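The following blocks contain the structures, represented as structure tokens.
Below are two complexes that have chain A in common, paired first with chain B and then with chain C.
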Partner chain A sequence: MGVITEIFNTISRVVVLPSFYYMIFQSAAPILLAALAVAVAIKANAINMGIEGIMTVTSLVCVLVSSAVGGQPAGGPWLGLVVAIIVGGLLGFAVSVFAFRLKIDIILVGIAMNLIGTGASVLLMYVLTGDRTTTTSLSSGTLPQLAIPLLKDIPFLGEVLSGHYVLTYLAYILVFVMSFFLFKTKLGLRIRAVGENEEAAESVGISSLRIKTIALIISGVLGGIAGAFMSECYLAYFSSGLIAGRGFVGLAACNMGSGNPGIICLCCLAFGIFYAFSNFSTLSNLSIYALNALPYAVVLVGVVIYSVYMRKKELKRLQGLESEENLEHGQPAK
Partner chain B sequence: MKKLICILLACFMVFGLVACGDGAAPAPTAQPDNQETAEPAPADDKITIAYCINGTRGDKSFFDSGNEGMEWINRDFGDKAQAEVIEFTYDDTTWRSKLENVFMSEQYDIIIVGTYDMLGMTVELTEQYPDQKVWFYDEQWDFEANPRENVISLLFKQNEGSYVVGYMAAMASKTNHISFCGGMSNTVLLDFFAGYQQGAKAYNPDIIVDETWMDSFSDPSKGKDVASASYGQGVDVVFACGGSAGLGVFEAALEYPDVYVIGVDGDQGAMWEAAGETAKAEKTITSMTKNVNQGFYDTFKKELDGTLEYGQNYRLGVNGGYVGAAITSTTENVFTPEQLQAVKDVQAGIADGSIVVDTAF
Partner chain C sequence: MSEKKQTQGAIAKLFGGMDVESRFGLMRMAVAIAIGLGTAVILILVCAKNPAESLKFFFLGPLQIFNPNVPKGIGWNYFDQWIQSMIPLLFTGTAVAIMFSANKFNLGLEGAIMCGGLACGWVCCLLDGDIQAPNANPFLCAVIGLLVAMAAGALVTLIPALLEKKWGASIMVTSLMLNYISLYISRYCLFSTTLRDTRTSKYSWQWTEDVVLTFRKFMGTRFTLRLGLFIGIAVVIIGWAFLFKTKWGFKIRQLGQNPSFAKYVGVGIVSAGILVQVIGGAIGGLCGATVILGNYNYYYGVDLTGYGWDGVTMAIFAGNNPKRVLPAALFIAYIRAGASIMATQPGGPINELTKIVEGVIVLFLLAEKFLAKTHRKMIVEEAKRKQALKAVTGEEVAK
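Right after this comes the complex of A and B.
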């Protein structure tokens, strides 16, 4: 009983705070970027499991580049972002080379990428900065926060929607861009065609290898943006535990959304709501472990519900096909 | 194309090996005409110490402070002692075998190991190796259940230091609402909280003290979010208490006006100042220092004198300066001299026993 009242008390206290909603949008953004990165690859039937590793490496790289050119005043964060995007693209390309040219199982490549990402980033950090856990000794700076004119003056809404980091806005804009890209452009169509049926795509002259490689490079680029988000927006430095499974949550969100950017965005926001809630609730009766597991539990439950729903839908479709066939053969449908 | 990729990969792997080797040890080690440095003779007359870190150096607080203690011992007693630091890294699945290796090697007179995570395996290993001296730090050793003649346990009275900074937090708070932002909820961290809460209530009985947990010692983004949530709810002083995850609290403080942070373990205000991050230094009103370095150093001096008695707990508190509140220029700007005097009185009160601090042990 006490727990339930506690939850209600926390909810009623939290829903009126603009900073609560602000945190939802901010904490969902890196997961959204990661999920979109996975989505592009998955549409081409290439699973980019290594997204966590790509994010780790790129988040370190952009901090190093930014501080090397002089940090915030010299525009270092922007250059860091560009380099992170390039490195992310290269890592995506590396995944495709290992998986499709050297014929290694793409799941194994992903796992290797995650392991190398954590190891190499710590090694690189130690060799270049002498630090082993964080790069706080470097002043790499952050990308700017945008105050949106007009919107920022609206009392409640302004505090929630204005003043986010550039990349937060970019993440939500990318939802529309990726929808358009995947469903309305020639390359997007080819990516989906290769993902649906490789042989059929090959038979009409599409090189599935090329399309998959391109999809993985785009995936890497988005992973690079996600990495830069963590070390140049969320925080102003890199730390070895910084990514903390966000790439994996992105993978789950992508599966829940079946690679559809709009649904992915909703899944990420759902995660963000529970994540923010777990941060805002202070302890008395609530168990901290239950609270911190809550966002992940929600993702898990979501995946289960989604797959059950999809299976029912598929069954219905098959039944429909059957009855259509029956009609064609002159037999009444049951 | 395939060949080219194979060659490139081979080059990459060789480079990787070289790079890894570089990180572990400098390449030119085996120089025949320089045998003394290449192979240090087993020092029979020297006391050898292995300080086992279940993590790595560079956490800017706890392990680094212990590492400094080892450096002091090597510097001041280089002729009598040789202290080494062994990093177990954060992969907790390997800790057990690594610690067992250190015990089995029988190279060290004293093994220093600590924290809650290492307690169980150390209890077992000290029974298997009854002649191996072990200093166990930062967690209560139950000598009644596990009597060991070869073990001492060094406990830092973090509750006493936390009492002092809790008192200061209540003094600095204008909203009468402060919070504690812990790493993971274990007895040591709860001990921090117990002292912090009591200290704050001692200054202002009506103050609200929130208890929040990051559930991580390594993810600063989680620390930032938890602290942002607190600041967003009207808290104006947060005690950041959780390794490198706690560093995220300082990031959150930058985004809110008129809020403060209290650091932990090391003097984090001085650390930000030294790193050129003045904005963060100005948010850090004090740090609860846990002088692991001083603790190890003084214990080693006792060992040399032969006054160290094994088989018991040593509790290191405000008395002796093992825990306390760091004073930086920010501290002097935020607090008036009278207030700082009051803080000193509180410290003196704890040291002479007139103030009894709650503990979670």
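Right after this comes the complex of A and C.
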């Protein structure tokens, strides 16, 4: 009973704080970026499990480039972001080459990518900084936080919605951009066509190889932005455990949103609530480890609930088909 | 020209007994390993302050016992590192090989290892630790610890299996999340329960040295005897026998190769699918327990071990056949031990570079289109040879 009271106490202490809501939006952003990255690829029927590795590498690249050109005063973070995007795109391309040109199971390519990504980032960090856990010795700086003119003066809402990092806003803007891209543009239609039925797409003259490659490059680019978020917004340095499965959580969010950016965004915000909770562990007597495990547990439960829902929907559809068939055969529907 | 023919003839004699497919498989493996090691050489040349020395330790590190210039104690220590890094690979390789044979991408092995280690540590602390009852029989205590660890590991991989069976939740996603949940369960138990040693506050309570599966200076020699190695080899053999010599193993492989066929010939695909994941998790739990009992006399699990992912690498190396897990483990453990020995030398790069090497080898091992031209050429040559033989002898050649 004590635990339950404590949970309620914690919640009541935390939900009144504007910074809690601020944290929700901030901690959902990298997952959202990762989930969108996975979503583009999934729409083309390619599971980009290497997203974790791509995020790890790009977040390190960001820091290195930024500090190399002189850090924050010299606009280093911006250059870091650009390079991260390019590197991410290249890694996405690499995944597509291995998966589709060299014909390797794409999940295994992703696992190899994560392996190489973690190894390469730690090695690179060690060679360039002499430290094998963090790059705190480099001053790489962060991307700017934006104060939105009128919004920031509104008492509670201003604190929640204004003053986020540039990439946080970009993440939520990208939800709309990606929905538009996937559902309203020619390339988006082709990506979905290839994902739905490769042979049919080929038969009308779409090169499925090319489309899948493009989808994975876009996925890599989004992964690069997610990586940059982690080392230039979430923290101002890179450390070896920085990504901590956020790429995988993105994968789960994409799974739950069935590749639909809007639903993905809602899932990520829901996960964000629990990530935000773990940031307020000082206000709670609950175990910090329980709070840390919370986001992953919620993702797990979320995926299960989603699957139950989908199974019910599928069952209903099948029943509908059955009754239609019965009608055709002159039998009354039940 | 004739020289080339001669060498070809010699090679053909050497591999005479093999069919063209396994010959090609062997060649592709050799090329992939060569590319991987080539990557390592390039990385070492670029990163190391003293490349020649680093390369020597990378390639020959574990074999320094044969080097008269290296003190014998250090040489044996290096050799022991090879054995030590091989032990978890034997377990995880077999576990993933069994799960992948049934096409179940359960990635929860990492969590199973974590929970297995935790459960075993806790049992040993309770039965033989310095909290209470320090007089339990150490052998019995280790056995109970290993069994409980197997149960705990099996539970971790069983959850995604059941969730998939009941509601169709993606195994991959749920098992990945369970890894992180296991990590925090382990941290919670270690830091917030009675498991924690209040004197050091970093580790669990200790258990008596007897439980540890490692005997340093065995029988007065410099050799370190690790019982974990024997448990690991036993797991490999049992895993192989299970997968290739039993009815269930056959069903499982059927399920992996062609699920619809398996279903129609009456393989209980649901129960077979769940069974492999339970077995995989149990082996994972055993792995965690063996590593804990083999290296420490206290529980210390604050980070994911990465052994679970090693299992995927191993299964790919072994082509999902536990029989080949042993040579694969020998190889991977060798380069890992070499790399970590290299890393301890002044100016040497760090051992993380083996991850890159492993990843590269995995990619080239799996690439269907890699060396495809050579493959085709080999098949054509084989056919021509058979035709020529047929023309001479006038009858069909069996091989």
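The rule is simple: the second predicted complex is superposed on the first by the 326 of 334 C-alpha atoms of A that agree within 3 Å, B and C clash if a C-alpha of one lies under 4 Å from a C-alpha of the other, contacts with A are read in each partner's own complex, and residues count from 1 in each chain.
The working rule: a contact is a pair of C-beta atoms (placed from the backbone, for glycine too) under 8 Å apart; a residue touches a chain by one contact, two chains touch by 3 or more.
Values in this document were obtained by computation on a predicted structure and should not be read as measured data.
Engineer: Judging by the criteria at the top, classify the pair chain B and chain C on chain A as clash or fit.
Structural biologist: Overlaying the two complexes on chain A (C-alpha atoms) leaves chain C and chain B clashing.
Engineer: With the two structures laid over each other on chain A, which partner does A:Leu123 touch: chain B (first), chain C (second), both, or neither?
Structural biologist: The answer is both, since A:Leu123 touches chain B and chain C.
Engineer: With the two complexes superposed on chain A, say which partner A:Met230 touches: chain B (first), chain C (second), both, or neither.
Structural biologist: A:Met230 contacts chain B only, not chain C.
Engineer: Between chain B and chain C, whom does A:Lys103 touch in the aligned arrangement: first, second, both, or neither?
Structural biologist: A:Lys103 contacts chain C only, not chain B.
Engineer: Name the contact category of A:Thr133: first (chain B only), second (chain C only), both, or neither.
Structural biologist: first
Engineer: Contact-wise, after the overlay, does A:Ala252 reach chain B, chain C, both or neither (first, second, both, neither)?
Structural biologist: second
Engineer: For A:Ala290, select first, second, both or neither according to whether it touches chain B, chain C, the two together, or no partner.
Structural biologist: second
Engineer: Looking at the overlay, does A:Val299 come into contact with chain B only (first), chain C only (second), both, or neither?
Structural biologist: Touch partner of A:Val299: chain C, not chain B.
Engineer: Of the partners chain B and chain C, which touch A:Ser19 in the superposed model: first, second, both, neither?
Structural biologist: first
Engineer: After superposing on chain A, which stretch of chain C overlaps chain B: 21-29, 39-47 or 381-389?
Structural biologist: Residues of chain C that run into chain B: 39-47.
Engineer: Starting from the residues of chain A touching chain B, keep only those that also touch chain C in the other complex, and list them.
Structural biologist: Chain A residues touching both partners: 101-102, 123, 126-127, 132, 241, 244, 289, 292.
Engineer: Taking the complex as given, what residues does chain A use to touch chain C?
Structural biologist: So the residues of chain A in touch with chain C come to 49, 98, 101-105, 107-109, 111-116, 118-120, 122-123, 126-127, 132, 241, 244-245, 248-249, 251-252, 255, 287, 289-290, 292-293, 296-297, 299-300, 303-304, 306-308, 310-311.
Engineer: So in the complex, the part of chain B that touches chain A is made up of which residues?
Structural biologist: Residues in contact with chain A: 1-2, 5, 19-20, 22-23, 56-60, 90, 179, 185, 210-213, 215-222, 224-226, 228-233, 244-245, 247-248, 251, 275-277.
Engineer: Which residues of chain C touch chain A in the complex?
Structural biologist: 43, 46-47, 105, 163, 167-170, 172-174, 176-181, 183-185, 187-188, 191-192, 303, 309, 312-313, 316, 349-350, 352-356, 358-360, 362-363, 366-370
Engineer: Applying the document's contact rule, which stretches of chain A touch chain B when the two form their complex?
Structural biologist: 13, 17-20, 22-23, 27, 97, 101-102, 123, 126-127, 131-134, 136-137, 139, 230, 234-237, 239-242, 244, 275-276, 279-280, 282-283, 288-289, 292
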